[in-house]
Amino acid sequence: MTSLVWVIPLLPLAAFVAVTFWGERLPGRGAYVSIAGIVLAGAAGLVVLADVIGGARADVTYTWLTLGTRPLVVGFVVDPLSAVMLAMVGVVASLITIYSVGYMAGDPRYPRFFAYLSLFQFSMLFLVLADNLLFIYAGWELVGLCSYLLIGFWFERPAASRAALKAFVVTRVGDFSMMIGILLLFLHTGSLRFDEIFRALGAGTFGGPTLTLAALLVFGGAVGKSAQVPLHVWLPDAMEGPTPVSALIHAATMVAAGVYLVARAYPLFFLTPGHQALTIVAYVGGITALAGATMGLVENDIKRVLAYSTMSQLGYMFLGLGTLGYTAGMFHLLTHAVFKALLFLAAGSIIHAVGTNDMKRMGGLTRALPVTFWTFLIGTLALTAIPPFAGFFSKDAILVAAYLHDKTLWGLGLAGAFLTSLYMGRLCWFTFAGTYRGGDPEAAHGAPHESPRVMTVPLIILAALAVVLGWVGADVFGNPFARFISFPELTAAPGTLGLVGASLAAAVLGWAAAGALYPWRLVSPAALRQGLPWLYTLLVRKYYVDVVYDWVFVRGGAVIVWIADAFDRYAIDGLVNLLGWLARQVGFGVRVLQTGREETYLLLAALGALVIVVVRLVW
Amino acid sequence: MITLTHYLVLSALLFGLGLYAVLTRRNSVAMLMGIELMLNAANINLVAFNKYAAPGAMQGQIFALIVITIAACEAAVGLALILAAYRRFETTYVDELDTMKG
Amino acid sequence: MDVMPWYVEVLRAIVGTIIIFSAVAIVTAMLGVLLERRISAWIQSRIGPVHVGPRGLLQTVANTVKLLQKEYILPRNADAVIFSSAVIVVPLAALLDYVVLPFGTTRAGPLIYRDLNIGVLYFAATSSLIVVGILMAGWGSNNKYALLGGLRSAAQMVSYEIPIGLVLITIAMLAGSLSTVTIVNAQTHLWFIVSQPVSFVIFFVAAIAEVNRAPFDLVEAESELVAGYFSEYTGMRFALFQLGEYGEMFAMAALAVTLFFGGWQGPVLPSVVWFLIKLYVLVFVFMWVRWTYPRFRIDQLLNFSWKILIPVALANLVVTAFFVIVVH
Amino acid sequence: MVGEALAFYLLAAITLASGIVVVTSPNLVHSAVALVPALLGVTGLYILLNAEFLAGVQVLIYAGGITVLILFVIMLTEGATGLRVPQRNEQGPIGAAVAGAAAAVLIAVATRTPWAHGAGVLPSYTPGAIGESFLGPNLLLFEGTSVVLLVTLVGAILIARKED
């Protein structure tokens, strides 16, 4: 079974091909085919996971081509890391695809949506199973493409197409860095396969500052894909896409690919001198965790709040990986995928009901959307790390790792945890509490109503997972997850009661602050805004990153383009025109020779032959 | 006594006639006829050399046969081209076919 | 071959030419025309020519005398040189065929003008010259029917030369020689009609087309083209075309006899008699076919050659070559 | 031997005279028809040179094939309608000079070179011998020529067919 793992990505690919070509004519306008593809793949992924837990491992390789003397070996790997990712992607993607049937109903490009979803699923599974950087890179670009296509799915909206372009271009920056890193590794180790690269590293044939550089370049790709500072600007805008896309691509899977890449290539970072690379990973993660949370505080678009939250949580994962909490980082990836997908889907359900993203126009939805409310609440509790929900165990493990490694990072993480509770509390307050504030002002919308069964059932399943999944990493049960996925040279340090208490306190304090601001009105939010205007403006302006990018890259680029254009127009074209003019003049000169009449040519040929013969004879 | 030289002179004259036709005729079919004459002149040479210079050999005649074959091919393709050009430009006079004039 | 002095050669050529011309002209053309008329009358339940001479035997002679007396008409604006020389080319090319046809055998050797080692190739080559004459006649007449007839004839004859050539190759392969005498000798035990029935059918069909006879006589389809390429010819010139046509027909029949029916070979009777019997039987078949079948269309005719006869002849050639190799 | 000389001069005269008609006649059909005796003269020369098979092929292909093809094309295109059109282009004198010079050079070379007379007995160039030579030492030539023939056949049909 495990050696046939390469079949799994092919199932969504087949669905993609079928839906692309015969979409409208397939059952359910292609949706059922797409669902069948991913559900089968997900089931197969679970079987593989079971096999791997039972001890099975596989590495299917194939010599693709030989570059000079270096064979380019590609293949798929099945180990605990990829098996967990495979199962997670399969299950989450299945649920989201089923959910999409309800969410996308009535869309004119319905089959195309499912085709893109299938293509994305193929790409993601392909990426997860890759045992070499080449396949990773191919999958990386494919998911990027799908992300572009799906963000811009409603391309008739200018904001959507601009957001798609932004996402594509910004992630390309990271991808380019990653490509250079990969080439650097290939240059020095002669292979793209992870195990051979690691062997070369372990043997000490490649190390020092160059290794750090290569590791950081590869990490650059992860920064772009996982929306870490400073390449985070695309993720909030990406919320222009349909909500299932946000759930699948921009919460659960693709953005987590960066984390997966760092985990997959962990020795690369680990073996840098003095864990330099890991330190940088940790700081990038820590800063993002805090920055994302702060920006989420002032956002009114429900999906954008969740996007900032995603950014922040991905920062936690990098923080965990960077502070030698390999298991903790991966565990948070897993739990986050579940509860963030849940949150996005629930948010989608809300949007579906009220027709707008603006939280200020919601409110009082508890009664109208009971299932959505309860599942959303479970997701929120999991996100804010309230025991016994999933997020508590994973975030706690990360904070423990951070504390043991670097107190500054721990502080950043703790502040982030506090703010997480605060902005989620704010979100819940605006959405569910109070009275209904009318929803979409333009559409004549009746009273909000609960979403259809096809959307709520996935929510319930994900909520159940969000409740129980954390326990597989609980120290109380001997932390089976850590025994399954761990980096051999690291042992997960057990957290002390004090540390757990500190992180729990941060979360609860965050909730309390939210309570103080909104339901109990101890402090007025407006007063805060007026008290700290500079901070508020800074946050609303997203730390001016977009502005800086606009000035430096977009306008700066325009200047460079203008210069290049002028150079091309006058210098290069001028030269070419000069040559053309010269050729033309010469042509005018010799044109009389070409009469276009063959008898002239024949006469000249005969004359020439005669002259040659005579000359040869006389000599 | 007829010697090799007799044949060579004859073939030279025939070749000259053919060349003259090719160089001065306006009609493409007439030019083709000139080419046939030149090929025949060459063939006379081949066969004559075969008989007088290398009596034991076969190659002269073999080559003449090949030349005849190629001449047939050339005539077929050449005449097909002339027909096609006639359909397109309604002329078989080569000096009127000057669309390639620079 | 070079043993005799040159003047003997020239003398022989002159004598041979006279013999062939007169004998063939009298025997084939005159008798052929008479036969044609009698046989067509018989097939059509008519009486035919009976008044001139005993049982009408001198009818053609009378016709010839009449034609000799007639005026030569040159159409206006016709190309006189071409118009007149075409008359020579057609019968000349037809009669040149007879050089390689063996009529019988004597103690001194076969009765043949010249047993060339390229015999059948020579036959094919000379008969292909007829096309030139027909084109000349058609063009020289300055008459659209004549020109159309000439062009049709050229297309038809060029097309049907190919199956004939293929059959000739097949037979030459079986006999191991191009010489007609050798081919006849190779049939001492078994006529090639037995071993090569397909070849014979192809040859016979193509021969009918080659001599422009019904059902392949589009060249002179009266209803469409008056009399085809010789519409404008009068008097003795017309007679010469008739000579060429019947000469070619008899030559084809004689070649068929040589290739497929063992030539002069036969028991008891003298060889020449045997040859003539076979020849006239075949000529009769030619005429029989002519007065029995309707005419084809020109496209049917050409398609028949290119799409049926040539592929079949090629396949037959390949199969025969295979058997020859196996037998050797 | 007198006969051979007589035959040679006769044939040469026929060939050259017809050749001149071919080259100079303003009437294309006359040119084409004059090609026949020219080719037949060459055929006679082949027979004098003991190349009988070649002579047969020459008549079959040249006189019976190519000439007919040329006549055909003349009649299909302009026929004699071009009778009043000049048949000679403006480079006539130069062309004549070049052709004459070429012939002169060739004749000079042919007459001045002491040609080696090869020893050996002239074999009989029977069709069989030629065939064996084709399928033996000259096989490649043979096959190459057949490929050229095939390509020509297809190509000529393709070029000449009406575009519809």
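By letter and in written order, the chains are A, B, C and D; residue numbering begins at 1 in each of them.
Keep in mind that, in the parts below, a residue touches a chain if its C-beta (ideal position, glycine included) is under 8 Å from a C-beta of that chain, and two chains touch if they have at least 3 such contacts.
Bear in mind the structure is a predicted one, so any value in this text is a computation, not a measurement.
> Taking every chain's C-alpha mean, which one sits closest to the mean of all protein C-alpha atoms?
Here the chain at the core of the arrangement is B.
> Taking the mean of the CA coordinates per chain, how far is chain B from chain C in Å?
Result: the chain centres lie 32 Å from each other.
> Could you give the separation in Å between the centres of chain A and chain D, each centre being the mean of its C-alpha atoms?
It comes to 80 Å between the two C-alpha centres.
> CA centre of chain A versus CA centre of chain B: separation in Å?
76
> I'd like to verify one number: the distance from the centre of chain A to the centre of chain C, where each centre is the average of its C-alpha atoms, in whole angstrom.
91
> Using the touch rule from the top of the page, what residues of chain D touch 2 or more other chains?
4, 53, 57, 65, 72, 76, 89, 91, 94-95, 98-99, 102
> Which positions in chain C are in touch with at least two other chains?
Correct list: empty.
> Check each residue of chain B and list the ones that touch at least two other chains.
19, 23-24, 26, 95
> If you go through all the chains, which pairs of them touch?
So the chains that touch one another pair up as A-B, A-D, B-D, C-D.
> Quick check on the complex: what are the chain D residues that touch chain C?
2-4, 6-7, 27, 29-30, 33, 36, 52-53, 55-57, 59-60, 63-65, 67-68, 71-72, 75-76, 79-80, 124, 126-128
> Quick check: in the complex, which residue numbers of chain D touch chain A?
Touch list, chain D to chain A: 89, 91, 94-95, 98-99, 101-102, 105, 109.
> Which of the residues in chain C come into contact with chain D in the complex?
It is residues 5-7, 9-10, 79, 81-82, 85, 116-118, 121-122, 124-126, 128-129, 131-132, 135-136, 139, 147, 150-151, 154-155, 158, 161, 172, 176-178 of chain C that touch chain D.
> Touching residues of chain B toward chain D in the complex: what are they?
1-2, 4-21, 23-27, 29-30, 32-34, 36-37, 40, 43-44, 47-48, 50-56, 58-59, 61-62, 64-66, 68-73, 75-77, 79-84, 86-87, 92-93, 95
> Where on chain A is chain B touching in the complex?
My answer: residues 587, 591, 593-599, 602-603, 606.
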